[in-house]
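Both of the next two complexes hold chain A, though its partner changes from chain B to chain C.
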Partner chain A sequence: MIKQDIEILDEISPGTDWKNQDDLLEKHILDSLKIVQLVGALNDEFDISITPVDLVPENFKNAEAVSALVERLSDE
Partner chain B sequence: MKNIIEMLERSAAVSPEKTVFRDDSADVTYAGFLDTVRSVGTYIAKTGIYKAPVAVMLGRSVRTLGAMFGVLCSGNFYTVIDPDTPAERIKTVFSVLKPAAVIADGHSESLAGTGFKGRVIEYAEAAECTEENGILSEIRSRAIDTDLAYVLFTSGSTGVPKGAAVSHRSVLTYIKWYAETFEIDRGTVFGSQTPFYFSMSVSDVFSTVYAGAELNIIPKTLFSFPMKLLEFLNERRVNTIYWVPSALGIIANWRALDYCGLKYIKKVLFAGEVCPVKQLNYWMEKIPDAVFANLFGPTETTDICTYYIVDRKFDGGETLPIGRHCGNCDVFVLKEDGTEAREGEEGELYARGSFLAAGYYNNPEKTAAAFVQNPLNNCYPETVYRTGDIVRYNEKGELMYVSRADSQIKHMGYRIELGEIESAASALGGVSSCAAVYDRSEQKIVLIYSGGKDREEIMPGLSERLPEYMLPQKVYKIKEMPLNQNGKIDRRLLAGSYKQVCAGIRRNGG
Partner chain C sequence: MSYTSYSYLLIFLGTVFIFYTVVPKKFKWAVLLTASYVFYALNSGKLTVFLLLATAAVYFAGILLDCIAYTSALAKKGLEREEKKKLKTLINYQKKAVVVLTLGFIFGILLTIKYSGFFAGIFNRASEFAGLNFVLPEFKFLMPLGISYYTLQAAGYVIDIYRGKYRASHNFGKVALFLSFFPQITEGPIGRFDDLADPLYEGHGFSYDNLTKGLQLTAWGLFKKMVIADRVNLFVSEVFGNHGGYSGSILLAAGALYTLQIYAEFSGCMDIVTGSAQLFGVPLAKNFERPFFFFFLSENWRRWHITLGAWLRDYVFYPVSLSPTCIRTGKFARARLGEHFGSFLPTAFALLITWIGIGFWHGAGIKYLIYGLYYYALMMLGMLLEPLIARGFSALSLRREGRLLNALRILRTSALVIGGMMLFRADSVSVWLEMLKRLFVSFDAGGFAGTVLKCGMDRQDFFIVLLGASAMFIVSLLQEKGIKIRESVAKQRLAVRWAAYAGLIMAIVVFGAYGTGYDAVDFIYGQF
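Showing the complex of A and B:
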C-alpha cells in the first residue's frame, strides 16, 4: 500500500524523498493545492471517499499517516 | 489626500481603539498601529534613507504591515519579499531593486546567500524607536502623490522579474473606487488570503485603512484544512473576502459548506485567474444573499481595471465576464490593425488613468514596451498600458477574457512567465534544452527537457531558483525536443499533446 501511495505522492510533487519525511506539512511539501490533488488521486486509485472531516493535519503529516487513512477508509 | 499615511491618520482619529489588523499572535488598534508606523518611520528617516527602495522580509504577519506603512511614513517605498523565497531569486530581485535597506528580524536567515551588503534594520528595534514629529512632518510636507509607494515584482519572461512601480496616487485613486464600489466601511471585517507581495493584497489592506475596517490575516496552513478555515472565518466574524478562485475552489471542491455554514459572509470578491462557474455556483447556492464579483486587472493597474458584479445565473459551460471599466479608470480594445474592436471581435485590452503604475523599476526597455502613448491620441502625451490580454465584448457590452498574447499564465492566481521557468531550468547543469507548458485542464505546469541530468535532480535544482508557486508539477525527460519548421522548440505541439509526445520516449529514457 505504501509503495502505491508514494507513486501517487510522486506524481503530485516530483522528486521528493517521501519515505524519509516525518512532517510533510511543516516542511511545506504538501500545501493546499497538493492536498486537493492528492486526495483526488487517492479517491480514484483506491475507490474511497475522503471527506472534509478526514482532512486534518494528523492524517497528512507523513506517508505512513496517509497510508493509514487510506487503509481505514478502504475497510469502511 | 496625497499620501497613503493620511488614510491611516484619518481612521485613527475617528476610531483609535478599534482593531485594524489581526494575525495569529497580534491584535492591533488603529492608534497602536499608527504609533508603531511612526516609530518605524522615524527610525528609517534617521538613517538618512529617503525616496529609496526598502525591502521588507518579515513573513505573513502584522509586523510586515507595520514595516510597509513605516517605510511609507519615512518617505521611502517598499518591496515585500517572502522570506521563504530562494536566495537566487532574491538576488535577482535585488539586482533590479538595489534596496537601500532591508527590514528583517533577528531570526531571519533568508538574507544569507543573497550577497546583500547594505543596511539591515531589525524590525523590533525600529518599532521601539521614539517618534520624532519634526522629522516626519518635514518629510510629509515635501511629499507629492506621484511619489512611489511600492515596487511589486512579477514574473519576467527572460528570467528577470519586473518590478511594477506604483505611486501613492495610484493607490489612493484605486482604493477610493474599490471601497465605494464594494461598500467597504467601518463594519467590514476582511479575511485576507493573498500574500502581501501579491497585488490583490493592496485592495484589502489599503481599503481597510481607508474605511476604518478590520483585516484578519488568515494563516496559510488553514487552506489545507477547509473545516478549520471555515471555523476561523466564523470565529473572527469575517464578512468580506477577496480571494483567488483557487482558494474559493478548495472550499467548493470539498463541498465544505455542506458541513459548516459561513454565518457572517456578505461579500465574496475574487480575482487573479478565471473562476470556474461550477465553483462559483456552489458558493452562490450556499450563500444566496451575498454579493459576488469578478475583478480583473494586472499589477500594472494597481490591482484591477475591470470588474463584473454577478447579476445572473451561469451554466457550467459558460465563462464569467470580466465586465466593465472601473471608476476613474478607462479601458479600450484594439485589434491587430490598430482600430477599436466591435462586439464579438477580439483584440488587446489597454488601460488608461490614474490606476496605472509609473512603469517598471529600473527597466526602461520593458517600460517602453508596455507603457505606451495612447495609439488613439496623437495630440498630447498620454500613457496607456498594454495588458497583453486578448478580450472581446459580448452582446451585453461586457468584456470577456479570451487568452494571453504571450506565454504568460495564471496558476493558483499567480502570474507566471513560462520563460522564467525555462531560464531557471536551463541554468541547471545537464539540461541542454527545455520547454515549460501549462496544462489548463489539469492546472499543472509541465517541464519537458532533454540532456544528461536525471529527472530526480530537476526539482531540487529548481527549488533553489524559483518560488514554490512557479515549480512544475510534472517533469518529463525526453531524448530530443520536438522542433517546428523554424527549428525552434515546438511549444504549441507540446502544450497540446505533451503526454503523447513524451509517452513513447518516457519508457526508454526515464
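Showing the complex of A and C:
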C-alpha cells in the first residue's frame, strides 16, 4: 500500500524523497492545503473516509504514518 | 491592569508568585485560579459572569458527551452488526446535538456582545434602502476581557471531546483555570486543553531556571513594547490621525512603522505573558515565528498569530474542506474544469470561510471583513496564477531561484503586508483607499526628508527605534539560525549575565516611551 501512497504523495508534491523524510509537517513539505488535497486523493483511491478527527500531526508526519492511517481506515 | 503596568509586574505577578511558591503542591492550581479570577474581575467587573457562563457550558457539555460515549459503549455489547450501526447513528446524532447547542450558546454570547450592533446596522441600512419601516436597535455592549480568545478555547475543548481526542475533565476548577489563566486571557495565545490543563493543574515547585528565564522573557517583551512599539506609536498616531495632510512617502513610512509597531507590540506581549506563565512552570504555545522577510505571503501568515491560524485550520478549514458538499463539488469541478481548477474550487471555498473568520474575529466592521478578504484575494491570485507563472518561466528558460528574484519577492511580500496593515490601522476602508491613492499620485519623495522629523518623532526617537529594532531583528536572526538566546546567556559567567540583564532593564527604563509626553498605549490585540 505504501507504494500507492507514495505515488499519490508524488502527485501532491513532486520531487520529494518520501521514504527518507520523517518530518513532513515541520519541514512544511505538507501544509494544510496539501493535506486537504492528499486526503481527497486518498479517500478516492482507497474508498475510505478520512475525517477532521484524523487530521492530526501523528498521521501525516511521514509516508509510513500516512500508510498506517489508510490501512487502519480500510480495515474499519 | 495592563501587562506593562507596575501594578501587574511588581505587585500582582510578584504576589501570585510568592503564594504559588509557598503553598503546598496540591493547592498551587487553586492559587492560579484565584489569581486569574481576581485579575479578570479587576479588569472586567460584573462581566466576569460571561466567562463563568462559557466555562459552565463547556464543562457540562464535556461531561454529557462523555456520558453519551460511555453508555453507548455499554449498550453496544451483544448487539448485531446492523443494530450497532443504528445505535452509532443515534449516538452521533446525540453528540452532535450537544456540541451544536453548546457552540450556539458560547458563540451566541460572543455574537450578541461583539457583533449584534454591526449586523443590526447593516440590516437597518438595507431596510432603509428597500423603503421598509423596520429598525433594529443597534446595541453597543461592553466587551468582557478576552472574550474572542476564551470563546475559541472553550469551543476547541468541546469539539475535541466530541472528536474523541481526549476525555472531558470532571474537575470544574481545571476547566475554569484552563479558560481563565491570567497571562493568556487578554491576548492569547489560544491554548489547547490537552497541552495546558496538566501543566496548569499539577503544580510546580520553585525552579531557579523557570524564574530567571521567565523574567528574562518578560523583560524582553517589555523592551519590544515600550522601547519600539510605544515610541513608533507617536509617528503612527500622528500620520494616521491626520492622513489628509501628508504625502504618499510619509504615509508609506507610517504604514511600515505601524507594521513594526504591531509586531513589536503583539510579539512583545506574547513574550511578557509566556515569561509570566513560565514563572509557574506553564509552557504557553508559540504565537510568532519571526514573520518577516519572506518570499511568500502564505509563509508570512503561517508565522503570524500561529495559534489563531491553527485554531481556524483545525476547526473551520479542515471540516469545511472535508464536508460532503465540498468533496462532491470538488469531484464535479475536476470532471468538468480540469484537475487544477477543479481541486482549487473547494479549497478556495474553505479558505474563503476561514479568511472571513479571520477578518471578523479581529472586529465587527466592514474594514475587518475587507482585511480578511484582502489576504484571501492575494493568496487565491497566487494559487490561480501559479501554473501560468511556472509555464512563463519555463518558456523563457528562466530559473525560479536566484538572489535578485528572491529580493524582489521579499520586496513584494513586504509591500503587500504593509498594505494590509495600513488597512488594519486606517479608520475605514475609504480612508485606506485614499491613503493608497496618495502613495501613487502624490508620493513626493523630495519632501520626505523635510517632513519626516515633524510627525511626532524627532531624530533621537528615530535613533532609539533604529537601535531597538536592530536588536530585535538580530535576536530573531540568531533564533532563526537555531541559536537559543536565553540558554546562551545562561552559560555565560555571572558578571556577564547580570550585565546583560542590567543592560536590558536600563534600556527599558532609559529608552522606554512612558512618562510625561507619552500616553500609555493599550495593547492592540487586547481590544479583540
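We take it that the second predicted complex is superposed on the first by the 76 of 76 C-alpha atoms of A that agree within 3 Å, B and C clash if a C-alpha of one lies under 4 Å from a C-alpha of the other, contacts with A are read in each partner's own complex, and residues count from 1 in each chain.
Keep in mind that, in the parts below, a residue touches a chain if its C-beta (ideal position, glycine included) is under 8 Å from a C-beta of that chain, and two chains touch if they have at least 3 such contacts.
Predicted, not measured: the structure shown is a model, and the values here were computed from it.
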Looking at A:Asn43 after the superposition, I want to know if it touches chain B, chain C, both of them or none. Which is it: first, second, both, neither?
second
After superposition on the shared chain, which partner residues are touched by A:Thr16: those of chain B (first), chain C (second), both, or neither?
first
More chain A residues in contact [chain B versus chain C]:
B
Touching A:Val53, do we find chain B (first), chain C (second), both, or neither?
both
Can A:Leu30 be said to touch chain B (first), chain C (second), both, or neither?
first
Residue by residue on chain A, keep only those touching chain B in one complex and chain C in the other, then list them.
28, 31-33, 36-37, 51-53, 55-56
Parts of chain A lying in touch with chain B, wherever the complex brings them together:
11-16, 25, 28, 30-33, 35-37, 51-53, 55-57, 60
Contact residues on chain A for chain C in the complex?
28, 31-33, 36-37, 39-40, 43-44, 50-53, 55-56
Interface with chain A, chain B side, in the complex: residues 84, 220-221, 223-228, 246-247, 250, 253-256, 259, 412, 455-460, 468, 472-475
Residue numbers on chain C that touch chain A, as the complex places them
163-165, 298, 302, 313-314, 317-319, 321-322, 327, 330-331, 343, 347, 350
